[in-house]
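Before anything else, here is the set of structures, which you'll find just below.
Shared between the two complexes below is chain A, which pairs with chain B and chain C, respectively.
On to the complex of A and B.
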């Protein structure tokens, strides 16, 4: 078996992918890291970070808040849907939910932002429908085109991905443990949280980590759904480049984004090494 | 018994409500696209339907060209990823070479940082090699994927070594073993991964927006952004019609292949 002995062939097989990773990932990553820490005179400096914090400290906290809240809400909704699909009594409602929840998976973020911008506006269909149903007065409709709109759009878009992985993992579990819990009198909710969820935690963790990283890098949604301040770091980076050609501050903001993804990566790797998934 | 029936009905009502709420923004987009502007934010079942918004959207932008560009970009990226990721995953799963763990660690690092964040430096690289405003320039940063390498490596690790050895005894070389043993074993993973990648790159927006500046290279999503610019005025009916034109093919493909897609995704067992 090749695995048992050192091999040049192994390196040659990896080489094409490694060349691409080196040229278009490691080089730009290294370059932007070094540019963020280098002044116009070529000396090391933290001035770009000072400027980034001075101008955008509110947006940094706002970005963390949005992504953490969206990830938590995505987890809650995905667990609810996966739980209904796997533990719910089979019927038309469950079948319909199983069919409908997946649609946003194939909708681009820009289209999701477009849909939500018209749907959640003060005079959008959501408020008009609530008025038509008599649930609110015509003057009471409020626009959700702020942080709530961003969170709603992110959750709407990411829930299908997380639910697919989660429901798949739940469906692959040994039904005997679930049936045993049910036979001993545990309700569906208790079975979900005490028996099913602990067994699929690895799958949930990786799905949420990938969602976290994806949401952190999206530009179109914060730009379209909530244009005003505060906003997310991706919008600030685009603004520094487009309005001022200020690559140094944009790079510093990028490094802060890497730090957030690094935190997610650390949690994922720690979990992977602990459970033996990453061998 | 009565309490159980009430609980079941509540759960059923909850499932209906959640399902319909999830589809509401898309239903709204469809409603607006098929009705005139005066019904864009007003729900009236008897409102007359029209295809005029689609005609106006189609006439306002060179959609056939955008479709062609998008198909070329997606085919190039997914084809290249399948080859490069397969070779790398095979090596990571079945070969031992110096620096393997370090290289695999670098691949995992890429999993955590999306190429969009590196757009500024990658733009400079593309300008250096003359790839700005080309189909190649759009595709290059995505020709290999950490997610693909990781997913396939995990799958290849589950292939019994006896199959590998049997194929070698039968006379297969390394690439023969890969092609005849590992690739067929990972077919469901290729399908799930391929569909996710088609969806991702069909929908990609930021990098194509930065790297393109002509109709000849612009994909659908960038073409769509023209409709939401202030210069065009805000006509929700035309915007949503353009939105449906953009996403329509992918949604139809999903409806056709959804069973295979979901089953493949579930079998992938990503952890």
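On to the complex of A and C.
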């Protein structure tokens, strides 16, 4: 009992961490929230949001579209890789895959963006290779430097992260359930979707939620890979500040991003609390 | 211990920098812009000036790219003025148009131009007017950079000579023209500004003011047409993105900075078949200015430094040949100082006459913001 009473020493111990969170996270968050709702005369206003919607409604939808599609595609690829790693016949190929898939984890977004910019261009490395292999005719290749390029870059970058969490969780499962399903005649795909995946759903949700939030905040990829019409909200925020010094509208766009991450966080918390991952 | 050592060495390094080389006069040159601007002063102008002025040491300080770099120079001078300092830290500053205007308005600069021999060689109107501010006498243009339409001469035999012809060309050749919108760098911004000059009307007012916030209502038709135009255009990722796509043959035409274009071509990153066209009624460009702060410690040396930097020989060798910029002084004074090949290269596609008739400045700041925001509202969204 004694230990659970808050003590001054205990408080002092966490005080630096609290101060850090307060100064570096809560204060800027509160500041940007209040700036988004405050007019130049210091009175509360929704004018900045009006401007944000007037100028960037297309980009808001575009951002949601990109992040949702990227998250779904990341999930599909990550499930496939993790499934092969856990259920595939052990051998060199699987070992190689297990080693290779992590590489993009160590590559920063901006470097990935820079590589994709030349790789995915109409006459870029990818199409030139396809032409050299005789798979497509010269002139047939299309430029992927638009929304597709952003999605490809995001998926390429986020798959290892999600796979890492997913494959780890799958490997920790009781093998007996998998073996039982296989013995009873279930194929690998059925075992994956009916036996393995339901057991690791919480881990998958957490990994995807974190990916979603990460992708929403990346500036370099939409800036480098695609043209600016339409573009993601991060680019618009940077432009608002760099071109006009207009922090108010940038903050309003920021609040819209918070709303999107809040929706994702809601899923995360609901799953986490229900399944006990967070407890 | 380690921390203290590092801190100590930092301190002594700082002392060294502040003290400067013992017994020598120091000329402090602060320059906004990319690293190449600092290198230009440090590696090229500085040593040349030191040779003719024994005992003088030129120190170049970079304050960062873009208007933000000029902003830092302004803030420093403004703070020293308010603090009542007798001698300010910089002898020569190199700044962009917007901040140069601001500094003149606030009395931070010296009116030195009439006192140097090269002052009379300047003819461009940007030497008098910086985005609406009267800067005559206070600045010398260091160079002029210009935007123009680059095209692949193998794919385009007769390039459009005006914005109207370009519109027709793009209709006939969909997805062969690319530019970077307005969020990916200034070459796209310049293209859009030129569009407003061509189709928005009343260009003179945009360049000289006075500002009237209802002017932008007259651009609706021009912007709707631009939105239509964009359907057949490619939006590229950035200034370099346009050049990349030109290089890979993915587009045949697009707006670029002339100096970037020539530098890329010299490095082999653009094929020799690429050419430039400055379309009518004109596209914007911008100078950077040499100026002397009102309380520079070494006013006389500073004026001599700028006189050297704007002399025909240095403008020819340094500005035109090394960096592919247009000269800050009138180009006619350079003829004869440049090898014919270099002269040919810089003025082959865009003649000096083109440059003076179709090289426009950017509009005054409030109109500039109006153009960007109207584009966001009526074209991009």
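Keep this in mind: the second predicted complex is superposed on the first by the 274 of 279 C-alpha atoms of A that agree within 3 Å, B and C clash if a C-alpha of one lies under 4 Å from a C-alpha of the other, contacts with A are read in each partner's own complex, and residues count from 1 in each chain.
To be clear about the criterion, a residue touches a chain if its C-beta (ideal position, glycine included) is under 8 Å from a C-beta of that chain, and two chains touch if they have at least 3 such contacts.
What you see is a predicted model, and the numbers here were worked out from it, not measured in a lab.
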{"item": "First (chain B), second (chain C), both or neither touched by A:124", "value": "both"}
{"item": "Chain B versus chain C as contact partner of A:38, first or second or both or neither", "value": "neither"}
{"item": "Residue contacts on chain A - larger count, chain B or chain C", "value": "B"}
{"item": "Partner chain(s) touched by A:59 [first = chain B, second = chain C, both, neither]", "value": "second"}
{"item": "Which of chain B and chain C A:107 touches, first, second, both or neither", "value": "first"}
{"item": "First, second, both or neither for A:17, with chain B first and chain C second", "value": "first"}
{"item": "Touching partner for A:199 - first (chain B), second (chain C), both, neither", "value": "neither"}
{"item": "Which superposed partner A:224 touches (first chain B, second chain C, both, neither)", "value": "both"}
{"item": "Partner chain in contact with A:132 - chain B first, chain C second, else both or neither", "value": "first"}
{"item": "Those residues of chain A which chain B touches in one complex and chain C touches in the other", "value": "118, 123-124, 224"}
{"item": "Chain B - residues contacting chain A, complex", "value": "8, 11-16, 18-20, 22-26, 28-29, 31-32, 40-43, 84-85, 87-88, 90-92, 94-100, 103, 106-118, 120-122, 125, 140-141, 143-144, 146-147, 149, 157, 161, 164-165, 174, 199, 202-206, 221, 224-225, 228, 236, 239-240, 243, 246-247, 250-251, 254, 258, 262, 265-271"}
{"item": "Chain C - residues contacting chain A, complex", "value": "180-184, 230, 234-238, 241, 244-245, 248-250, 369, 372-373, 376-377, 379-381"}
{"item": "Chain A residues within the chain C interface of the complex", "value": "54-59, 117-118, 121-124, 143, 145, 223-231, 235-236, 239, 243-244"}
{"item": "Residue numbers on chain A that touch chain B, as the complex places them", "value": "1-11, 13-14, 16-18, 20-21, 23-29, 31-32, 80-81, 84, 88-89, 91, 93-94, 96-97, 99-112, 114-116, 118-119, 123-126, 128-129, 132, 156, 159, 164-165, 167-169, 171-172, 188, 202-203, 206-207, 209-210, 213-214, 216-217, 219-220, 224, 234, 241, 247, 250-251, 254, 257-258, 261-262, 264-265, 268-269, 275, 277-279"}
